[in-house]
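Once you scroll down, you'll see the structures, which are given as structure tokens.
One chain, subunit A, links the two complexes that follow: it is found with subunit B in the first and with subunit C in the second.
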Partner chain A sequence: MLAIKLAFKNLLGAGLRTWLNVIVLSFAFVLIIFYNGMIDGWNRQARNDTQNWEIGSGQFWHPAYDRFDPYTIAESNAVISKDIQDLIDDDKLTPVLIRQATLYPQGRLQSVLIKGVDPNQKVLELPTADIQNSQNKYAAIIGKQMAKSTKLNVGDKVLMRWRDKNGTFDAHEIEIVSIFKCDVPTVDNGNIYLDIKTLQDMTTLQDQATMLVAHREYENTKLEGWEHKNLGFLLAEFDKIIESKKGSGLILQSILLILAMLAIFDTQVLSIFRRQKEIGTYIALGLTRAKVVGIFTVEGAAHSILAAIVGAIYGVPLFIYLSKNGIYYGTSAQDAGMNIPMAETLYPYYSVGLVITSIIIVVVAATIVSYLPARKISKMKPTQALKGKIQ
Partner chain B sequence: MKKIAIAIFTSLTLSLTAQTADEILIKVDKNMSADNRIVESSMTDNRIVESSMTIHGKRNSRTMTSRSYSVGDKKSFTEYLSPAREKGTKMLKLEDKLWIYSPSTDRTIKISGHMLRQSVMGSDFSYEDMMDDRKLTDIYTATIINEEEIEGRKTKVLKLVAKVSDVAYHSRKVWIDTERFVPLKEELFAKSGQLLKRSTLSDVKKLQGKWFAMKIVYKDMLKQGKGTEMHISSIKFNQKIPSYIFTKAALKQ
Partner chain C sequence: MDIIKITDLVKKFPVGNGHFTALNQISLTFGEGEFAGFVGPSGSGKTTLLNIIGSLDTPTEGNAIVLDKSISELSHKQSAKLRNQHIGFIFQTYNLLPVYTVYENVEFALLLQNLSGSVRKKAVLEALEWVGLTDKIKSKPAQLSGGESQRVAIARAMVKKPKIVLADEPTANLDSKNSHNILQTMLKLNEELKTTFIFATHDEKVMKYLKRKISLADGKVVGDEMI
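Moving on to the complex of A and B:
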């Protein structure tokens, strides 16, 4: 207790030098929390969007389907059984039939994936009801990015060529009936959504689907004839991106922390060098060397406590503002040509765990760098120290 | 004399008009197919064909030259000679199997299944177009729908509708020169009736008693551009082609 009291007294007595250290350390604090909060917020937002728009609580794939191998698409469909149809009718699952096609917007050739979806589905946020509202059998919905790359608008008709199950070519004009905005590139880029019944007719694949998407509340993972793919599998690519972003963020955070720690270390070395008489007095008054080392260590480590308080003064309002209003990037990752789910506005997420972890890291680091120079005290001779002689 | 001439002319005309669409197709198949060609040494037809293929893109055109060795219609080996980027690329077709060797990667890839639907070297042809060597009479029901003249040649217009399900084009229209039994124009349609591709054949020459179109323009009608032009610069018959040419090992040589 004495050590803590003394430490804070000395620290505050040092004035500007202490506050400079504290401010630098508080920057490190705030930046570490800000960066990790941003990554966590992006992670939460992207996972949520991907689940809402594409994967629900998981997907059931036809065993031959491989999302990274377009050559598997033609063979990856199976008839929807009666049991599965019941689950579809209960809005627990929604079927998706996937086929490859070629679109000819303005005489250009563009490979696309046609996805047959149920217009009445309630599993995904896709505005599939728009398909049903049209009189045109070949009514289609596309995403904003797809509309941009194909230069298509609502009401436009465009020729599409595809093959039926036997490989025979067919072609017809499709009409774009609505354009949706979605931050998940795999839902938007290169995808055209049609009524699944229309696509089944077009490809002579009656009552067939490539995959079944499970509602977020549907937890069953076994359907005969279909392979369940959980969120871990479906979001594996995105998780790797987050991991690498956290890794690269760690370098920046380490540099910041090292700079702050260097300042504390330097202050400690200077203190021990300049306050030899004080150290000698402590020992003369009966304090053990270990206790004196403790006083100096606590004094150094207390920088981090003060930094946490100072950081909280300006950091907390900032974090509250950012988590409410988000950080607007002006352009989404998709607009910038990146194939990652990222919205125009990111809402950072600051968890209690993140704040506590950050505080522990900084306090432990500050304690270690404060202790290292303080060890010298234990080798000091009290008489020499009292005289203020350099040892 | 005049009577005889009229009689010959009438009988010729009658014989032509009497030809059914299937008969015309059989004659076309006979002219194009290698199986019926009797050559000096054997019943098989060995050919070395040198050709150039010009692919007209949106911004520019590029021309590739190649040399093909073939025995009948089951074995063929093609080597690209130019431009430098494509030089050394080789294709081997044995029955219904196709391999491609790319010198830049030094790898041989087997093109199978749905990969056959890809474009050949960025042209308007697909591997599938090259591979399908079934006779038209086996997969289509033909009817004569019209008679037209193309560049001074009388042609019969045949409409072909698929009678098997595993066919890429549901229907075709073929303009056939009824004297030479060479198609001069062909249009390929989707199931909906949408015109997909058109090929125009010209520069018809008689080689070894058979008529060959030396120039083919193949165009994807849904896409902008002038399509792909193919010029046959030479055909050599009855050449000795070493058997190792038709092995996978020859691809890497």
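Moving on to the complex of A and C:
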């Protein structure tokens, strides 16, 4: 208590020097929170979008299916059992049948994944109802990026060729009935969505599906004959990206933190050198050396408390503004050719945990760099300190 | 009863390869309520002896027993406790804490003792009354004159009612009027509270107030007279 009161009085008494340190340190604070808040916001947003558009609470795959190996697709389908159909009718699951096909937009050739989806599904945000609204059996919906790369517009018809279950080629014209906007590239790029019934007919795979997507509120992870894939598995790649972004941010944050710590360290060394007489006086008044070391350590560490306050003064309004209005990136990551889920406007997310962790890191770091020079006090001779003669 | 008993005390400081003997075979005793002073030329060892009595330094040889405690045998913690409870210091340069007010400077000495806030407040105000500074309790040291600063230092040394007050050249930075003023204050406290005062000085004005004058020269006691 004594040390804390004295620390703040001394710090505020030191004037400009204190404020310079505090401002540098507050930058470190704000930057750490800003950057991590941005990454956390992106993470939340992207996970949320991916769950809503593609994976729900998880997927049940046909055991042979491997999303990175297109050759598995032809063998990765099974009949939907009666029990599972009940779950589908109950909106707990929705089936997806996946096949490969080739599209011939304007005479060019493009291989695509056809995904047969249930137009009545309520599991994913995918606007599958649009398929049903059309009278055309071969009605298809595609994403904005896909529309751009194939130069297809609503109402366009395009020739598609595929193999049925026996490997025999077949072809038909499909009609684009709507174009949706989705920030999850694996939903958009290279995908064409048809009515699952149509696709089953086209491939003579009656009542079959490649996977079942679970509703976000459906928690069951066991279905006979299907392999459950949880979020950890399905989002593993994205999680890696987040980790690496956090890692690269760490470098800049560390540099700023180290600069701030050097400034505090320097201030501490100087103040211990300059205030020897004060140190001697404390000892003469009956403070133990350990207590005096404590006073100086707290004083240095208190920079971080002031920095938190100063940082809050300009940081809080900034963070509130950003989390309300988001950070607009102009083009989405997909437009920029990146295959990661990211929206055009990113809403940073500042969690209590983030703020507390940042405060702990900065306070602990400041305490350590304040303690190191202060330790010297315990080796001082009080008589010399009182004379102010220690070099 | 002796509150300070020094026997055959030697203090050597390392200098270069050898050492310098600052105090040589000192033997002295002090009783309760003394108003004594070490006098002698510069470098005679006054400050060194005062520091050892105040447990800020330790003897090289011999013994210094202060309030039944042998200074050489005290741990850092024990000597801190001895100073905090029983010894007050007054310095030539006042050594007030610049960021604290007069009140807080005086209170500081009590903060280490587990006293209640009201007991502390009473003691601080009483100490400031002794030195006649009750009207300056909110001032900062920078706003005080030298004489006022030294009176705050006296209040700080006295507030815990120590057995011993050690004053190293307390008047060296003061004019004659202020010197007399603080000496009178200290003499009064010595008489009222039976506190033992020991000075280190070469100020004639101080010597006039001393009841016992111990002369040092080259680290030896060369005179010890009661006045």
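The rule is short, and it goes like this: the second predicted complex is superposed on the first by the 390 of 391 C-alpha atoms of A that agree within 3 Å, B and C clash if a C-alpha of one lies under 4 Å from a C-alpha of the other, contacts with A are read in each partner's own complex, and residues count from 1 in each chain.
Simple rule for what comes next: contacts are C-beta pairs under 8 Å (C-beta built on N, C-alpha and C of every residue); 3 or more make two chains touch, one makes a residue touch a chain.
Since the model is a prediction, treat every value here as computed from it, not as a measurement.
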Contacts of A:6 with subunit B and subunit C, given as first, second, both or neither: second
First (subunit B), second (subunit C), both or neither touched by A:171: first
Partner chain(s) touched by A:285 [first = subunit B, second = subunit C, both, neither]: second
Touching partner for A:277 - first (subunit B), second (subunit C), both, neither: second
Touched partner set for A:132, first subunit B, second subunit C, both or neither: neither
Partner chain in contact with A:345 - subunit B first, subunit C second, else both or neither: neither
Which of subunit B and subunit C A:108 touches, first, second, both or neither: first
Subunit B partner contacts - residues on subunit A that touch it in the complex: 70-71, 73-74, 102, 104, 106-109, 159, 161, 163-164, 166-172
Interfacial residue positions of subunit C with respect to subunit A in the complex: 51, 54, 56-57, 76-77, 80-85, 87, 89, 91, 93, 95, 97-100, 108-109, 111-112, 156
Subunit B residues touching subunit A - in the complex, by the definition given at the top: 58, 113-115, 117, 162, 165-170, 188, 190-192, 194, 196, 220, 222-224
Subunit A residues within the subunit C interface of the complex: 2, 6, 9-10, 12-13, 277-278, 280-281, 283-289, 291, 381-383, 386
